[in-house]
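Look for subunit A in each of the two complexes below; its partner is subunit B in the first and subunit C in the second.
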Partner chain A sequence: MRDRLDISMRANHVFFAVLMGIGLICVALAVAMNDTFYLRLGTEALILGGLALSVDILLGFGGLLSLGQALYFGIGAYVSALVLREVPSFWLAMAAATGVTLLAGIIGGLIANRVRGVYFALITFGMAQVVAKVVYNTRELGASDGLIGVPVLEIPLGVITVSAGDPLAFFLLTLSVLTILYAAVAYLFTTPFGRVVIALKANEKRVPFLGYNTWGPRMVCYVVAALVAGITGALYPMLRGFVSPELMFFASSGNAVIMVVLGGVGTLIGALYGAVLLTFLKSVVGSYTEHHLIAIGVIFIFAILFMPKGIIGVAKPSLERRLIRFDEQTDAARIKATGERA
Partner chain B sequence: MTIKTLTASVALAALMTGSALAQDEPIRIGVLTPISGTYAGIGQQVSWGLDMAAEEINAAGGIMGRQIELIYEDSEANPSVAVQKAEKLMTSEDVDFLTGTVNSGATLAVGQVAERAGKLIATTVSFSDAITGDKCSPNVFRVNARAGQQSAALAAWMKQEKSGAKVFYLGPDYEMGRSTVAAFKSNAEAVGAESTGEVYAPLDAKDYSQYFGRIRASNPEVLYTSVAGNDTVRLLTQMQDFGIRDGLTILGASGTVTSQNIKAIGAAAEGFITGVGYSTLIDTPENKTFVEAFNERNGADPDLYGADSYGLLFAYKKAVETAGGTGTDEVRAALEGLEWDTPQGTKTIRAGDHQAIQPMYVVQIKDGAFTIANRIDGEAAIGPDTCERF
Partner chain C sequence: MLSIKDLHSHYGLSHVIQGISLEVAAGEILGVFGRNGVGKTTLLKNIAGWVKPSSGSIELNGQAIGGIEPDAINRAGLAIVPEDRRIFPGLTVQENLELGLLGLKGAKPASKLNPVLERFPRLAERAKQSATTLSGGEQQMLSLARIMVAEPRVVLIDEPSEGLAPMIVAEIFAIVREMRDAGCAVVLVEQNIHEALAVCDRFVLIERGAVVFAGAAEDDAARAALLEKLAV
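Our next item is the complex of A and B:
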């Protein structure tokens, strides 16, 4: 019997490699055609993909629907913007954003993890709205106008220094951050801890009977999701040069959920596919018709009706079968070569 | 003729046809305005005004022989969307100029994009004083009246009609509500009014009678309020019912009493006064023609957004003609200090902060309809230039 989680994760990695490949080809095209807009749009799609990834950690693995994940994205973005306006240091901004979202994630987790199901969805929604309204009415945080004036950063990366104003360099930096986050989260879910989280989704009442604490893993899952959202949120002001309370509004959280559903729940990589697809669709369709929201709504409905497991869900089963066959063949070959018996 | 001079003349000829082509190309203006969402109604007025102005300019031969082409994008009234679309318009579409932003957050954020892309933008809607104040940008212009001009117009009216009056302030309890009250308060005190107290009621408050005790105790002659929508309906009708409305002059922000809620307020709205940058009632031949043409084309009356947007393209036309091209630095220099005619009267762009100086109108409700009570000169309502960036 093969480990299904292992096969599933390997299939996800293949899809990640495919996305990377497509991304790099598109980047090469963009550079060749001297485009900056689509390169920066792609960067934004990846950043929003981080928020979607955070939703998928909760929804796809913990079985918790968060309707307020933009809260942590927004906190990361605001902390990063506030730091950068004072001290234009990439590392300081990232460290501060990580620290503050860690704290916020723990506080939010203590509140939200007291309840389950629809109440969890409502409480996460409520927390995000409360904080968004506080920011909206706080003069020191720019209130409804938001904060502008985040400088174009020079980012020292050991041997080289890249500029956030250089579309290609910043795209590659964002891609690297997302790769690290994806790899870390994927690794986390293959550890025993990750399996407990997945077990929680399957049947929370049985987990204690197996001797595991349920509160701890769920809490860690929530905080990790908050961190992923906060870290990618910190990249937003570096790309766009401003933050506004709209980043925390329900529209952002809701969009992230749509991205995950479109890409495929519980696949991690589906979140990134969904983010890229939705961001580009919105941008392209929006330029052709003023009824773009209708078009996107219809696409979403059709996606749910005909691809309930998302884009990744369509291709994943056959890929998994291939991976299993490949494993069996290599096993068989090894047995043949060494002469050992299965 | 040597080969060298031949190549040179061929190159020269090519260059001349090239520039002749550029001369015939349309001037591309990006319009980034909310087509969907909460502010879609404002976006509609903006696009009506701009379309109409573009048609008129194009029919009259365009700008220096070049037609105007408007390229629309939906900002969804969300700064993050607006910034992304602004980048698209400025880099992919290569527009010469951009306008249409509605909410102040979007205007500020798009202004920063413009600054980094070396393009110019103008807003015809955003009220926030910061846009041409402490967050001003060399690449951002505003041709509509800012929040401060409205309260300055009201204060100027108070100086004439209610000099030294005792004023009470009642605002909605959120950041914008508090800042509008603060702005009016400083303007009113500057013209000698005596402030007797202020209260803030929650948005969507059902019962305002709890504040009436304080209002009565401080015995004001003037009440200033910046509540809006259905809140105004409740506030004014409850004041009427409690008899506290009698003998009190009520001033308000321009969104307090509108065509949407005036019928619901009924008699309680009588005598209400506000300051606006535009009204269809402005009694000039230019405005009469404008209102008629606007109504015929769009099937609705223009409001201040439609009128300000209409006026903008004529400012841009004049600036490009003065500058002799659409280059950012040249057009910026031409726009600074530019004086042009609009249905609202003559506007001037102040060079120091890129804010349009325009006559303001004090309107009062009489017999259930707005009437123009007074006209305040632009210079009297403009307030100091607080922009320090350029």
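Our next item is the complex of A and C:
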């Protein structure tokens, strides 16, 4: 008998590989057609995918609905922009964004981790709104205009240097960052710590009776989610050349939740599928009508009603069955070969 | 081992536990009986830290545990098997068992699982399956096995036979006896009085949040009086 959770995680990895494969094929096509628009849109989708991934860490694994996850995405973006305007260093910007987001995540976690359910959602919503309004009204942070003038970066990556102004190179860099984040988070949830988090979501009241202090794992989960949002947020000004307070507004957090629901809650990879789908839909539908949010709303309602487990939730059982069959065939072949040798 | 003195507990204005005192020694099973709603489960919840007592004392090997957090009480050596089993559906059978080890200070080695898996061959066969695929009886066994891996000194068990087939019930009670024989102090809340009396060493009867009758399970007169009071 196969480990169901192992199969589930392997299925996620297959979906990740498929997404990367599709992405790289599209990139090849875009390069062949000398397109930059869709390359940059794809990069934006991946960056927003990081925000959605952070929502899925909380919602899909911790059972905590955050309506303010854009707060950490925005903090990462603003810190990155502030650093880059002074010192155009990719690594310094990423390190500063990570450090400040870590601190913000700990503070936010200490506040939000005191409550559950709808109260958690409201507190996360409130924190993001408060910070967004402060940024919106702070002249030093560009106020409502945001921060503009982030220089085009040269990013040293050991033996090579890539330019943030090169759509292909920056797409591949963003893809690499997302791959590392996805792999790290997926690994985290296969460790004993991950199991405690999964147990917490399943039955938070029971876990203390097995000797666990539940506050710690929830806090770590919250901070990890904040870090993922902050690190991907740090890439945003490198792509766009500016940041604005809207990045922290409820629309950003709400979109991230929609991305996760569309892709499949609790799958990690679903967040990335949802982000790609929603970003491209908004762009395509938005090119025909300014009322594109109506279309997004209809799709969201459709997903809730007919695909509550999201795209991955629909496709995954079939893939899992195939993986189990593949394993059984591999095992049978190995046993047969061993028997013949004996 | 476990000592409770003059315990009082409230749900809001409702005075549920009204001065219960009892003792359970190592290697002993204490049956806690009574009709529905008299406070049996609330008593267990008070001991395990789920509900904070209003007053009175609860001691585990001389250490006061009344009112402290459930995880600290568990680490002090007291485990509870609640009425609704509460397995973790997102985890496999083995991962559910491992959770029983990981929460302890100075986490015990994974090899501690082996004797438990040998004792529960049905769980061993299903170790890699999701816990939700287990039958009701198997889930109850998993719930018991999960606390056994941590080798607690005191175990509270709430209605372990509820909704289970007689054959499974017999197996569950056999496991409870094994816990007692291993030196564990067991507090057993059970509605299935005849089966429970067969495994208990002593019992108490609770009415309106207070102990109104107590006796030894081997004492025929006490057993008869208990059954008469419960009209079973």
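Rule of thumb we're sticking to: the second predicted complex is superposed on the first by the 337 of 342 C-alpha atoms of A that agree within 3 Å, B and C clash if a C-alpha of one lies under 4 Å from a C-alpha of the other, contacts with A are read in each partner's own complex, and residues count from 1 in each chain.
Keep in mind that, in the parts below, a residue touches a chain if its C-beta (ideal position, glycine included) is under 8 Å from a C-beta of that chain, and two chains touch if they have at least 3 such contacts.
Computed from a prediction, not measured in an experiment: that's the story for all the values here.
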item	value
Subunit B versus subunit C as contact partner of A:Ala315, first or second or both or neither	neither
Subunit A: partner with more touched residues, subunit B or subunit C	B
Which of subunit B and subunit C A:Val196 touches, first, second, both or neither	second
Which superposed partner A:Thr214 touches (first subunit B, second subunit C, both, neither)	second
First, second, both or neither for A:Arg206, with subunit B first and subunit C second	second
Residues of subunit A defined as touching subunit B within the complex	35-38, 40-41, 44, 136-139, 143-146, 148-149, 152, 165, 240-242, 244-247, 251, 283, 286-287, 290, 292-293
Partner subunit A, residues of subunit B touching it in the complex	35-36, 72-74, 78-80, 83-85, 87-88, 91-92, 103-105, 108-109, 111-113, 116, 128, 130, 135, 174-176, 179
List of subunit C residues in touch with subunit A within their complex	48-50, 69-71, 74-75, 79-80, 82, 86, 88-92, 95, 98-100, 102-104, 125-130, 146-147, 150
In the complex with subunit C, residue positions of subunit A that touch it	1-6, 192, 195-196, 198-199, 201-203, 205-214
